[in-house]
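Take a look at the structures below.
Shared between the two complexes below is chain A, which has chain B as its partner in the first and chain C in the second.
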Partner chain A sequence: MKQNKLSYKIRQYILFAGPGTALFLAVVIVPFIYGLYLTLTSWDGVSKTKEFVGLENLAAAFKDADYWHAMLRTVIYSVFAVVFINIVSFALAYLVTQGIKGQNFFRAGFFVPNLIGGIVLGYIWKFVFNRAFVAIFSSTSLLSTTNGAMFCLILVSVWQYAGYMMLIYVAGFMSVSKDVQEASKIDGCTPSQSMRHVIIPLMRSSFVQCIFLSITRCFVVYDVNLSLTKGGPAGTSVMAAMHVYNQAFTYKNYGLGQSEAVILFAVCAIVGVTQVLIGKRGEVEA
Partner chain B sequence: MKKVLAITLALLMVFAITACGGKTGSSGVSITIFNSKMEIQSQMEDMAKEYSKAKGVDVEVYYSSDTVAAHLSTRYASNDPYTISMVDAKDVYALAADHAVDLSDQEWVENTTQAITIDGKTYGFPVCVEARGIIYNAEAIEKVTGTAFDPTTIKTTADFQKLIDQLIAGGMATPTGVMNEDWSLAAHYLAEVYEQHDDPDAFIASIKDGSVKLIDDAKFNAMMDTFDVLKANNYAKDAAISAEREVTEQKLAEGEIAFMFGGNWDWSVINAYEYSEKMGIMPVPNDSGDGSSDKLVGGGSKYFFIDSSDNTSDEQRQAAKDFLNWLVNDADGQDFIVNQCALVPAFSNITLDVQDPLGASVKKYADDNALIGNYNYLPDDHYAKCGASFQKYLAGQIDRAGFANEITTYWATAEVGEH
Partner chain C sequence: MNENQRAARNKKIAHAIMWIVLLVMFIAFIFPFLLVVINVFKTKGDITSNPLALIGAHGFTFKNFPAAMKKMNFLTVFLNSLTITTSATVLTILISSMTSFVIVRNGKWKFCTIIFSLMIASMVIPFQVLMVPLVSVYGNVLNSRITLILMHVGFSVSMAVFMFHGSIKTNIPIDLEESATIDGCNRWQTFWKIVFPLLKPTIATVGIINAMAYWNDYLLPSLVLKKKDLYTIPIATQAFYGTYSTDIGLIMAALLLAMLPILILYVFLQRYIVEGVTSGAVKG
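Now for the complex of A and B:
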């Protein structure tokens, strides 16, 4: 049998990648396309009929001031969270690759927050902010002010993701071979110089990965948002994903909510892909 | 040898498949019930077992913590609806036309004032009665004042303020608690402003067209005056917006505070603590002088409807109707609602005593016909958007005029549900 015939290739593909492709189609692509179709209807989520309304929902989504406020809030939150997640996780990764005593224990320890589900984690921190801190400092709760609630969200996200990103950075540190590090030392680099000019450039792919992951996760944050602040106080910490959920399910504007979800997806995809493209461009190899 | 093994396995599989498919009730009819009241799920499951045994109808109970409408929509989308679904009043209005069976010919319709009827057809079976007002802890009050507390003496905001002052003088520094949840503030407290008008529809319409200025409305101001008293004496005054419901209810249950706006459903939270037996619900005192301070606001809460689609057979529908009748007319069914689930029954022929103190208060007002009905047609985003405004008011970020203004702005574009 000729191995370069199209039918052969197709058969091979179906044999090996077929199940995966079928699943991917069934749970990602088909729902996504169906979702796109729903943005063109005025469906309320329950009724039998799905009235076709064209691009009305999209127009309404652009006019939904609450949505864009939520979007702006998400962007602000993401910028802070992404920056701090990466700074903290990089610092942690640096610390636990220096051969300090019990570093495996620390690696595991910093990673644990990531194993706690977002909902539970939100409730734990809610208790900390609302009761523990209030009792210790006898102040009012941070969660009762707008900026405070945003600060808490960012703090909790950093705490949650830093350990996860740390693992990727740890792998990055390990992949920088010892010889180039030693070579830089022999060439007279101070430790900070060798970090700046040798290690970090070689770890660029770790940065690209971590920043991409943290951006996409922050943009669609929902669980922590729900359990920690529930959008409060007075709806000033409602993030885009939560607004989308409310719009679709609570306010029963499924089509409008779906349109807003698509916009959120587009924004998220554009930001993520741009970042990866820029990041990849400057990648170097030793 | 291999052949024998293969045949055995094949037979086993066939057996397993038929065993799965062959599961039916003793009379062949099985019905499913969707329960959306989390606190009675275990009672529902026990009841289903007993009922299946006694009546020969297989009953299975399901619960979901999802939004009711969202959950049902997924079931309908997959052509697998429940035979009987427990939903909120607004869901009956949204779903009945497409999905519910007309129950007008049922006996129990005459025994209740709370069933949901649309265009002359009854679709919703009221599961229980729930009502709102100020929850008080009489034991805590009497401990400070030394005299028996009679909630019916508190009619006006001034009466309420006087009692609060007395409590403060007696050593209870902060006699009230305020729930900051948007549903409590907007769907329950603010909604009373609409509901206490003789014609809520007309009142909302007049706010929409601007012929009534909310800030000049007597009812709005009367209710907000009382709210101000609650707010000013709140134990969590400085952090009103982050106070937790459980803490507030615990303080009320244990008598650290004496008053909180809420409803009889709060009992499911209060009874987790060392509560006082001498609690109850009284109407929100206010100065509008229209008798509203003699009445609680509330009515039927949670409704059963029976699925009308082809996915449900006529036998199943009949079994479902029998089940609803059993709840109302059978001693066991009545016992289930009142004693097992501690709900306030919505039917006049059920005369069992309600056990929990808050429910007993509600039953008393309901029996005296002193309930102002729920307004079930508020838009779905009302509680979230107006709730956010109310939270700002509670936190002191806006004043009453600013609050009225935001509510008016909300109504400029919002539409009440069809009814």
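Now for the complex of A and C:
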């Protein structure tokens, strides 16, 4: 049997999976491992030698007050953004699955912000906040105050992701079979009762997925942060990802920046895994 | 009025209310885009004095567009984005489907399981963790479209392999491949003539999701492409905003130019894009 020989298998593997594996290792795995090594060095990005400093960067990262402020801000931003993204997208998904005239048109419309990159979206909203809203409410721009800038970031993120999450909830609504809904009606449920006790529990996997996706996206927000507020006013809306970027590329503290990035990764991983585990536990089947 | 008529009437009223709510939400959703569109045709002074007016006091102007196009070097930038997005998308589809084929059909081989698990695990790594080492390892080959294309592919391989893996495993019966072998196909021919054509729905999903991600990506291209004539649309928009932020008419035109290609595409491929994104999100 030549099919089971190891050399044959290896040749097949290289032929088919060689390029994919090579690129994956070169772009993801090698930099990841090398990045762990970089956290142990003090490197300025230019010099040839990378001085080995052990755990100094990690200690410095834990002492970097700006970093932890940015992290706290990211957590606050993410909590608000995730809650509102999911409320808005669930409501939209409900409305566009009721058989209303033109519902496909509405679905397509709500999705439009997702087609466009965060940089462009941020600049558009900057114009809206700085010019249009100022003209409508004849007040100073929201972007020039600390809380206002955070509010703007949350609003834009909700607007940006609601249409995408809506599509996932729409798929969830479609997967709840009509029979079950009919049955709950015959058993005497009011529409709101059947929503609470029948439809939402059956859509649990959609919720798990949307919350997971929105958390992971909000946690590493960068594009909109850069174009909408640029961290301002006075650095009070710098999110963790932007802080990491500035630490490494603007201030040339590559080792420290990388350590802070690794901490960000650890936080992301813990939050993501916990959320998926909690979500999986209570899944119901029809 | 009997029970049925009343129910029908209530339903009608409920639908009307929902329709109005949807319409209000819809207008709120597209309001920022509308604002850009009306201001593109105004002079700088008119935008500043009244950004909400449909037509500026000085009437229509078509000067913003050509000026922004020229200053942004739009044609070059657009072609850069187009080349990078198309090549990276095609490569991602070819390379990932081939990789998953071997991984699925050698499911019992430890080596394949390890690579596959490594790919799945790597999906939780945020780009921020990789950007510093990436720039440091590949510092010598930056400023090249090919480098960017290969990096794009490398970053999306794991997700794409995961999607093709599921699709090959559940949709392609192994009997089909065995009969192809009996008919004289080798593995290479079997893959391209039998398996690949059957993967069409997944190819569409992977293609759409990745093409959109490549087209709109800012951070990776901004780290790789530092020369002006290599810029993609997002980087060029950012650079343009930095230079001309006071000339708001030009900015409006540049933002509209940056959105226009994908919006036009969306008008024609709307159904496929919505379907692709949905099935991609639900599987991923």
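In this section, the second predicted complex is superposed on the first by the 263 of 286 C-alpha atoms of A that agree within 3 Å, B and C clash if a C-alpha of one lies under 4 Å from a C-alpha of the other, contacts with A are read in each partner's own complex, and residues count from 1 in each chain.
The criterion applied here is as follows: contacts are C-beta pairs under 8 Å (C-beta built on N, C-alpha and C of every residue); 3 or more make two chains touch, one makes a residue touch a chain.
Small disclaimer: the values here were computed from a predicted structure and weren't measured.
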Inquiry  = Which partner chains sit in contact with A:234 here, chain B, chain C, both or neither? Use first/second/both/neither.
reply    = first
Query = Who does A:259 touch here: chain B (first), chain C (second), both, or neither?
reply = neither
Request  = Could you look at A:45 and tell me whether it touches chain B, chain C, both or neither (first, second, both, neither)?
outcome  = both
Query = Of chain B and chain C, which one contacts the greater number of residues in chain A?
reply = C
Request  = Quick one: classify A:225 as touching chain B (first), chain C (second), both or neither.
outcome  = neither
Ask   = Touching A:78 in the superposition: chain B (first), chain C (second), both, neither?
value = neither
Task = Tell me which partner A:268 touches in the superposition: chain B (first), chain C (second), both or neither.
result = second
Inquiry  = Tell me the contact category for A:132 with respect to chain B and chain C: first, second, both or neither.
reply    = second
Query = Just chain B (first), just chain C (second), both, or neither: which does A:194 touch?
reply = neither
Message = Does any part of chain A touch chain B in one structure and chain C in the other, and if so which residues?
response = 45
Note = Within the complex, chain A is touched by chain C residues 15, 18-19, 21-22, 25-26, 29-33, 35-36, 39, 47-48, 50-52, 95-96, 98-99, 101-103, 106, 109, 111-112, 115, 118-119, 122, 124-134, 136-137, 150-151, 153-155, 157-158, 161, 187-188, 191, 212, 215-219, 233-234, 237-238, 241, 248, 251-252, 255, 258-259, 262-263, 266, 270, 273-274, 277-278, 281-282
List of chain B residues in touch with chain A within their complex = 67, 69-70, 72-73, 76, 94-95, 98, 180, 182, 238-242, 244, 379-381, 384-385, 387-389, 391-392, 395, 397
Task = Mind listing the chain A positions that touch chain C in their complex?
result = 9, 12-13, 15-17, 19-21, 23-24, 26-32, 34-35, 38, 43, 45, 92, 95-96, 98-103, 106-120, 123-125, 127-128, 131-132, 135-136, 159, 163-164, 167-168, 170-171, 209, 213, 216, 219-220, 222-223, 226-227, 241, 244-245, 248, 254, 257-258, 261-262, 264-265, 268-269, 272-273
Request  = Spell out the part of chain A that touches chain B in their complex, as residue ranges.
outcome  = 44-48, 129-130, 134, 140-141, 143-144, 231-236, 246, 249-252
